[in-house]
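A, B, C, D and E label the chains in the order they appear, each numbered from 1.
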Amino acid sequence: MSDLLKLSQVSAGYGEAVVISKIDLSLKPGESLAVLGRNGTGKTTLLNTIIGVTRQRGGTIMLDGQDVTTTRPDKRAHAGIGWVPQERNIFKSLTVEENLTAVARPGAWNVSRVYEMFPRLKERRSNLGNQLSGGEQQMLAIARALVLNPKLMLLDEPTEGLAPIIIEELLAALKRIIRGEGMSAVVVEQHAQKILGVTDNAVILDRGTIVHAGSSRSLIEDPAALEQHLGVTAKKKPARAAAH
Amino acid sequence: QETVKIGLILPMTGPFASTGRQIEAAAKLYMQQKGDTVAGKKIQLIVKDDTGTADVTKRLAQELIVNDKIAVMAGFGLTPLALAPAPLATQAKVPAVVMAAATATITEASPYIVRTSFTLPQATVPMAEWAAQNGIKKVATLVSDYGPGIDAEKAFTSAFTAKGGQVENLRVPLANPDFSPFLQKVADAKPDALFVFVPSGIGAQFMKQFVERGLDKSGIKLIGPGDVTDDDLLNNMGDVALGAITTQHYSAAHDSPENKAFVEAFKKANNGMRPNFMAVGGYDDMHLIYEGLKKTNGAGGQALIDAMKGMSWTSPRGPVSIDPQTRDIIQNIYVRKVERKDGELYNVEFATIPNVKDPVKAAKSN
Amino acid sequence: MAAALETKGLIKRFGGLVATDNVSFKLEQGARHALIGPNGAGKTTFINLLTGVLTPTSGQILLEGEDITRLRPELRVQRGLARTFQINQLFPAMTPLETLGLAVSERLGGGRDWWRVIGSKREIVDEIVEIAQRFRLTDVLDERTSNLAYGKQRLLEIAVAFACRPRVLLLDEPAAGVPEAERHELLATVAALPRDVSVLLIEHDMDLVFSFADRISVLVNGALFTEGSVEEVSTDPRVRAVYLGESVDE
Amino acid sequence: MLTILFDGIAYGMLLFVLACGLAVTLGLMNFVNLAHGAFAMAGGYVTAVLMNRYGVPFLLTLPLAFIVPALAGLVLERTLYKRLYTRSHLDQVLFSIGLVFMAVAAVDYAMGSQQQMIQIPTWLQGRVEIFGIQVGLYRSFIIAVCGVLVVALQFILTQTRFGSRLRAAVDDPRVARGLGINVSVIFAATFAVGSGLAGLGGALGAEILGLDPTFPLKFMIYFLIVVTVGGTTSITGPFLASLLLGIADVAGKYYVPSLGAFVIYTLMIVVLVLRPQGLFARAR
Amino acid sequence: MQSNTADKVRSALSRRGRWSLGEIAFWLVAAGTLFFLPERHLILNEIAIIGLFALSLDLILGYAGIVSLGHAAFFGLGAYAAGILARNGVGDPLVGLGVAAIAAAILGFATSFLVLRGSDLTKLMVTLGVALVLGELANKMSWLTGGADGLQGISMGPILGLFEFDIFGTVAYTYSLVVTFVLFVLARRIVVSPYGLSLRSIHDNPLRARAVGIPVNRRLVTIYTLAAAYAGVAGALLAQTTQFVSLDVLAFHRSADVMLVLVIGGVGYLYSGLIGAVVFKVLQDVLSAWTPQYWQFWIGLILVLIVLAGRERLTDRIRALWPRSRRSLAADSPQPLQTTTAREV
């Protein structure tokens, strides 16, 4: 099967600075990819370049066989990308429901279905965007991307600020959607352990370049790589802080 | 060849731009007709835009005096614009010829100020007299709430009550888009006539709303100094203006050969624009300066101002002279009524009050 | 001894919604206390009430025994109550250096000082350096804050609260956006504060909560649901049902 | 008494007609377009020129008074304004004031500095008596047009997706784009409509307010007052604010003429101090 | 390592206080014009006054983020205060300046409470309203102000009892320039102090500013009052050097012009007002001499072009002449002004 998303030699940055350089990536339909890396290594920049809101400096991006390198972000969204930005960016002067209806596109995911997934949002449907709690905003950001009915979801730290029980449900749902409905996803995460159980493949970014790529499974089983690139000491409970 | 410089300071932009335009056009027309040489010297006109702001007028006047060494300055569209440079005129002994500003006191601010336009009381008092003589007993006055408006109100009220009339005063803010509450008050008061003074640009708006409210039909006569029926705008106002009775020193319809020639030349030079009372002020002022310079052989200063005093000539508006005491103009005031003439609207003069002096200063000297 | 921070019957309504429902809560001196609860339970609202960003509909707030319910926010800070925000609240057009310098000099009463250049005081400089090093901000001190990566901004957010040298520190999801590997270090920095500083932590990362806190309160639908030691709360089946889910182990 | 009320309403509606375009560009798009008055002036001049030079009937000129400024707005938006959405408000102020200066001088050059007059058709002149009060026909006409406008705008903004998409695009254009909203088209369309409304307002208002090259500067303050007092998040806000200001102004000038000039300003200050987001802003 | 960082920190922080060559050159040139441009002293005087006026607006707009479209209220009040004083026999210019500053400061203090809340637009309109009301008052109180005719009969004594104002404007310009310089030095001192930094932080994010213990309202009130006093002094300078005051010292265009001047110059580095005043006035003077009727068109065009060419980039370049305002440490390019200040937590 041909690639849904293919990045070749993509570079991007802000102003003078180049933040990510020469990234190669590809993703088949129904496949999912975790993007890991320390702070400031360019994970967000990578996602933002795929959706097109960061200025691309070089390379090409193919979406579903089309070259979208110079395509406007809204066109890319129409072509099937759903985006959950890191800072959530809820439209603050729209109600919860308007946040959804303003962007919704026809398909399997409609407003009532995302309300089922996040009942909390239904309770808050007429709150304005800036009258939501942090976690509620995160749910809304995810829901908002879903009602676009994308082929490809770009999720930038989607579990941030969510209660453990919701994370659990969200990850389960993600798994279901990817496996069951053939949606693809690129997920940026800080919780390597959690996300690797969901995605098929994983890459690790460091200073704007890919320093590790492979299947999620192999990465979980490779604590040395995790330790080296992310500093994660797998499953070791850190000692309680000295003062205790 | 020596040059004599005349500094012309006018509001060329902003809300009073049309005043500046009329005067500039008239002054240029005069120079074009009479040539730019007087007493063997070349006349140079320097036009400056003061945007209607007094401190700018003053600075421009000062620069003209200090840097350009002008012999005489002229222009001054509004009262504060004329008052601001007055001390300079005194200090530098440069005559200042006021072409537009109409508050009575201006010429008292400096012995170097002469005026070729008019003073508001000069145009207003005859209106009061005419009204009293023509069966009008009760008048409501409506003026813009600023210096000249208040001047007009005072002059009219005192002259009209002196003749036994009854007056009710109303003032509207200068920036006032809608006259309805004031007109409603007038309607409630049911006077015989409404005396109105608003700056000329606003006049048209006022006229329309006056008619829209049906006040003309309820028998209230519209009277006032000529600003509301400014010649510049009158024709465009349409029928609403018909019948308004005003007193002023100039109408484009004034019947004299001098005026016919002036109006025609003015229109020709300014693609059809009709001269108004501002224009005639500018035109006469150039005449005054030219004649003055002829007498002084091109010298400015004290000699020029002395030469101007008492000068008399026949202007497009009729016979005029400069009062040697007050340096204000003495002129005929005409009572006019807006009528249609050859398909256009004009202030048609039907009565003349000859040789009117500024009543304020006349009262003082008595 | 009075509790470091105490609320009595605190209520906040947003229209019809009761976001804080009659909360009577005590933060003991020197406590390492965590506040957890489902999304939208009212945790942030609670902090906003404590710090004066919001005014309560009714109820009382006591800081070290003194009623501060109506006190202006900045005066609470001056009395030693500092916080971090769930969503970064920084000075985007200033540099971390300036941000920290500002916080330190304000605390030292320098904000009224209008005749001296800010860098001229030694104690200020030393403290900036100390905090910057502690939060690994030295390399970005001179960058514009809005250009920093999110994680650095997050660190700055916490560093600013530290710079206020609080006696009571309220942390609203401080680890959000911080990579897994660094979270524990961050919290260790917090835990290493002098013992007389009391800390209230809101966090959804249970690893952190359990390793940091000695006491946990659970807020659900605006009301206090339960309170107890780590052991008690983490094994409470009701807490599992509404909040923890199954995957959290202890 | 009732006449005063009617006059107040009519005056308020006139203010609204003039300001509603600004309520759209400033209020909804959050673009400080001080050149609003220039578009209004354009509409006024379209009507004046068509009527006076070509004898087109008043009513027929109105659609053109909408369309011509709307097209001008569209062209300017596509070429210039669009570069300024992301800029600071100060840049927007500077830019739009620059445009105003240019418009003022250009119109002055082309049309002269004097007042332009239009003759409204006779069936709109004069007054009739309804329920014992004298009402001006033209003012009633303005009230009617205004009513239609309010209903239509309110409908579009609250009941259609266009409205929420517009607000989304204003809140966060970058993310709105990333979520499939064609921000450029929405902004261009909205801007064009805002300019068109301004033009329509100028054409309708010329009869009462007069029309000369300084129009955009002279009435700028009034537009801004209406939009600020009404709050910038809706159309009904400015509408109600216009009514309030119109009635208060007319009544104030009628009953206490000596304080007439203060009424509208003081009212504005009081309202804004008590409700800084505007009288009818959505709860935030 | 520790001391190394400390040194860097110290120098980065105190860099802002040092006078750079660019600045010194600026003031030397300004002083030089006293000798080199004797015919232009009148307009230079006006430039100095407008520059001071814009500087005062910069204090609140550029540093504290309070936009104002009614700054002429203080300018006008200062002008009238100085003018009325001089008309009633107190002709000493410095006394006039002092009284004008105090009068304007009192008005500033009283009205500062109106601009603490609300969006930028609200602040614009409230300040505008204050100025308009004041203008109407001045019109109504013609017994005191001379109303629309303007205040006449101002006669100024010599400065310090030594220097009489001359018709060439040399004394006037020297006087205005010296006053502007002194007040500039003071303002410069203030903005690099911790107090000045706290103003910038309030501008940036008032919510966070409160959360580090800054009494936001009090700071805003003080700076607003100070800026009002500055504007009052500028107004007094105008009244004293032109010996005339009319209603348009309070007019809307006065507030609008000063805003333009400041924005042209670049907002937020104190020189903005001065540079803007030079640029704007010189342009206006040249263009209006060239085409008195249509100069506005060209000014407008230039404004549009300045913005399109990236005003902020242009002014950043000027700013770069001042080392303390290195990109990252500058009172940065104005943030997009928010229409709502209600930031959600």
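Here, a contact is a pair of C-beta atoms (placed from the backbone, for glycine too) under 8 Å apart; a residue touches a chain by one contact, two chains touch by 3 or more.
The model shown is predicted, which means the values in this text are computed figures rather than measured ones.
Trainee: When I count C-beta pairs in contact, which pair ends up with more: C-E or A-C?
Mentor: C-E
Trainee: Give the label of the chain whose average Cα location is farthest from that of chain E.
Mentor: A
Trainee: Using CA atom averages as chain centres, what separation in Å is found between chain B and chain C?
Mentor: 73
Trainee: Please report how many Å separate the Cα centroid of chain D from that of chain E, as a whole number.
Mentor: Chain centres of chain D and chain E, defined by C-alpha means, are spaced 32 Å apart.
Trainee: Using mean CA coordinates as chain centres, what's the chain B-chain D distance in Å?
Mentor: Each chain reduced to its C-alpha mean, chain B and chain D end up 35 Å apart.
Trainee: So what's the Cα centroid distance for chain A and chain B, whole Å?
Mentor: 76
Trainee: By the touch rule stated above, which residues of chain A touch at least two different other chains?
Mentor: Where chain A meets two or more other chains at a single residue, that happens at 92, 130-131.
Trainee: Can you tell me which residues of chain E touch two or more of the remaining chains?
Mentor: 136, 139, 293, 295-296, 333, 335, 342, 344
Trainee: On chain D, where are the residues touching two or more other chains?
Mentor: 104-105, 108, 261, 284, in rising order.
Trainee: Contact residues on chain D for chain E in the complex?
Mentor: Residues 26, 30, 32, 80, 83-84, 86-91, 93-95, 97-106, 108-109, 221, 224-225, 227-229, 232, 261-262, 265-266, 268-269, 272-273, 276-278, 284 of chain D touch chain E in their complex.
Trainee: Help me check something: in the complex, which residues belonging to chain A touch chain C?
Mentor: It comes out as residues 14, 38-40, 44, 86-87, 120, 124, 131-136, 138-139, 157, 160-169, 190-193, 230-233, 237-238, 240-244.
Trainee: Quick one: which bits of chain E touch chain D in the complex? Just the residue numbers, please.
Mentor: Answer in residue numbers: 67, 114, 117-122, 124-126, 128-130, 132-133, 136, 139, 252, 256, 259-260, 263-264, 267, 293-297, 299-304, 306-308, 311-312, 333-337, 339-340, 342.
Trainee: Would you mind writing out the residues of chain D in touch with chain A in their complex?
Mentor: 161, 164-165, 167-168, 170-172, 174-183, 233, 282-284
Trainee: Of all residues in chain B, which touch chain D in the complex?
Mentor: 13-15, 17-18, 21, 145, 170-173, 175-178, 180-182, 184-185, 201-202, 204-205, 208-209, 212-214, 232-233, 236-238, 273
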